[in-house]
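Can you read through this structure? Questions will come right after.
Labels A, B and C are assigned to the chains in the order they are written; within every chain, residues are numbered from 1.
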Amino acid sequence: MTPTVFRPSGAGLRSAAGFLATLALGLALLFGAPHTLDTFGLVQCTGFAALAMFGLSQGFVWGFAGVMSFGQAAFLGLGGYAYAVAVLNLGDSTLPVLCAIAVPMLFAALLGYFMFYGRISDAYIGVITLTVSVILFQLVNATSGSQYRIGAAELGGFNGIPAIPALNLPGHPGEPLDTDGIWYAAMGALILVYVVLRAVLASRFGRVVVAIRENETRAQLIGYDPRLYKLLAFTIAAGVAGLAGCLYANWGGFISPTVFGLPMSAQVIIYVLVGGLGTLVGPMLGAVLIQALIITAGSQSVLDSNLGLGLVLVGFVLLVPQGLVPVLRGLSWRLIERRAGKAAPGPLATETAR
Amino acid sequence: MTLPVPTGLNGVPLRPLIEARGVTMRFGGVTAVAGVDFTLGEVELRCLIGPNGAGKSTFFKILTGQLKPTEGRIALRGTDITGAEPHAIARLGVGIKTQVPNVFNGLSVHENVFVAASRRKSLARTRAIVDETLTRLGLTGIARREVGQLAHGQRQWVEIATVLAQEPELILLDEPAAGMTHEEVHRTAALIREINRTHALIVVEHDMPFIRMIAKTVTVFNQGRILVEDEVDAVLADRRVRDVYLGKQAA
Amino acid sequence: MDLAGLLAFNVLTGIATLVLITLGLGVIYGMMRIINLAHGEFMMLGAYTAVMASGAGVNIWIAMLVLPPLVVGVIGLVLERTVIRFLYGRMMDTMLATWGVSLGLIGLVTTLYGNVVRGVSTPVGSFDIGRYGASLYSLVIMATALGALAAMFGLLRFTKFGLILRATMQNPRMAAALGVQPNRIYMATFALGAALAGLAGGILAPISGVSPAMGAAYVARAFITVLGGGPAIITGTGLASGLFGTINELVSFKTTPVIGDVALLAAAILLIRLLPQGITGRYLRRSL
């Protein structure tokens, strides 16, 4: 699938406008939600924020670097487990959060080195990442029994790790954040990661990453090593997924091997596909929409939610392969330009070719 | 009849810009390039001609590291670059416009050139190169257009712009005039002559009038070997060259 | 000695299982360059067919060996016509679409039959290798795997359909120019691959728990074996299954089955790192 979006051509202004609008909306949610939602709603939104960050990770690596990571759940799971194990051993949550980012990044760097420097083709990368996540699932799933422990943390096999201590302010272990606090942490982190990824993409490194997605051969012939850039992008995305895993573990205070599972990897692919490949807003929006759908489906017992997810996935591939955000964006700009065009026909009007 | 001077011939110790010795490329049972010796001096302009399948594009791919030769060595200013990665060779100062345009289709003209210019350079320097290159190639008017939506000829120019923006020492152009209008061909020829004032070039082309416009020395490839290498008028008058172009190579 | 015999027997069973679960995936990938992420669910459907049919009183051998490939082959045909055919030449999109199909099938079966584990009893008993008991059913698995390989070889080597398949594989446009409709061929190939997956599901139903999500347990191994095997479907599947099956069984024997799977994966990634085109991409390229 060729991502057709990310059209900075002449769209610098619009891009900046979109960024500011997203940022404003994010900040409004961050400070508004605790005052308008009840505890249950806020907890649910915290979960959305964690999964939206997971979506960002997939959206970055797939949509911008063009790396078909089909096992992004591996990094979510590693992040969640790294946080859980570290915080159970250390008490204070500051270092564990860093572990949740660093462990998946190290793992991704190693795996990525094998894949990218081994000149493995795109489809094979999809299969290998997917396989790795399945194997991790099986591995963690088989850690039942008290002999599988890391320090004070028992891995617990398919039951997972219960009662994971929540985040605390640095230096104050034993004073975990309350529901509001976790929300601020999760949503704040989401906004931060979004801003950081935007900055990365605007940097020269980001431009080269996108250029490699567009044409690897040309990038090589002007002196860039695609293997290195892909490896770095893959590793960055793993770090984001790891942080999402940490938030996910905080959200439920619990983690189990299902975070490594195929359904998890499939879900995040669907977030990106539904929201829009080649955007950052799309995957976040997709995460919220799809999770809302799963929760709705879960409240009735007639149909299994996988059926809905499968139909959404097939439907979008066949009918709306570019995703919702690009479609909506195109529509809205066309509308705005039509109005503006009547007043003052400017050069902008020619820009919305698609 | 004067042959281009290879290293050390007649006791003249010239260090060539690029030197290929005994380069051979086999694909399974097919030998695409067979024992080619090729030398290019500093700021030299060389045209490569030859029928389809003569091995010209394969030879370009070997020079740029896209293919590793089965046998033989290639040196760039005395540095052995045989089998080096394409990006490493590009960093040593080799730029190529490929036969099928390789551009970043989803990016704007400006961004294409920017990415090429920006490697290891300050932002100010990069911007200066981008502006200069766009002006030089007359692309300023379409700088914000997405390259994927441009006409074929324009895409060729964008690719040439990317190659120039990376500031290479040696520029390889694989069929730069293909698909261009008459007027564009003239502009391309003028551009090549201008570039050649400061840079070495190797140009693969089929268009004989175009070759006459730019060439001093011509190397003719046939069936993976160098058939003849001489001044342009001598080559174009050569019987063997006519033969390979006029059907004797049809088999 | 007895132990060595048992181990050898287990290794052969492991290889045969790997051949069975891989062959259908390999056929579709080899001929159509489609990585069918619904492969595990095709197996699951085969297993359900076996469970349902034997529950309805159908002879167990027919329920396991005949009905699953037929039923799943038809399902494959339908999916090819309704989804896959719109996506030819778009490798990533076919992967995504088949992943969607995979989720959809899990959801559908869960909705219809519930998220419970079912089973069929093994139709044959056991025999002794020295002091150890071994399942006769393993012999059935080996025989089926050999039979499936031989049938595929015969199909590709000796039939007109096989010739067309091989030609389409080599060069779709050339085959089209010769008057062969690639669409028909792709349709038949996809159905064939699905049928083989169904057969694998049917035959493995008695020795694995049958549940909607059972496919996930097999897909990773099947994918990695196909990639390891490379372009020649039969030789590649056979060789890669032999290599990975041996590693898997030996490590499983020494440690646990999960570590065995990890070893299989590690071996496969190493192999693909060394031979990116798989075993038959480098050696025995002209084999089938």
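We adopt the following convention: contacts are C-beta pairs under 8 Å (C-beta built on N, C-alpha and C of every residue); 3 or more make two chains touch, one makes a residue touch a chain.
The structure displayed is predicted, hence computed values, not measured ones.
Common neighbours of chain B and chain C, by the contact definition above: A.
Closest chain to the protein centre (all Cα atoms averaged), using per-chain Cα means: A. Each of A-B and A-C has its own count of C-beta contacts, and the greater count is at A-C.
The mean-CA centres of chain B and chain C are about 49 angstrom from one another, to the nearest whole unit. If each chain is reduced to the centroid of its CA atoms, chain A and chain B end up 43 Å from each other. With centres defined as mean CA coordinates, chain C is found 32 Å away from chain A. Across the complex, chain C meets chain A through its residues 35, 37, 83, 86-87, 90-93, 95-97, 99-108, 110-111, 115, 212, 216-217, 219-220, 223-224, 227, 256, 258, 261-262, 265, 268-269, 272-273, 276. Residues 1, 68, 70, 114, 118-124, 126-128, 130-132, 134-135, 138-139, 141-142, 261-263, 266, 269, 273, 302-315, 317-318, 321 of chain A are the ones touching chain C in the complex.
Listed in rising order, the residues of chain B touching chain A in the complex are 64, 66, 85-88, 90-91, 95-96, 98, 102-108, 110-112, 114-116, 118-119, 144-146, 149, 159, 162-163, 166. Of all residues in chain A, those touching chain B in their complex are 2-4, 6-10, 204, 207-208, 210-211, 213-215, 217-226, 353.
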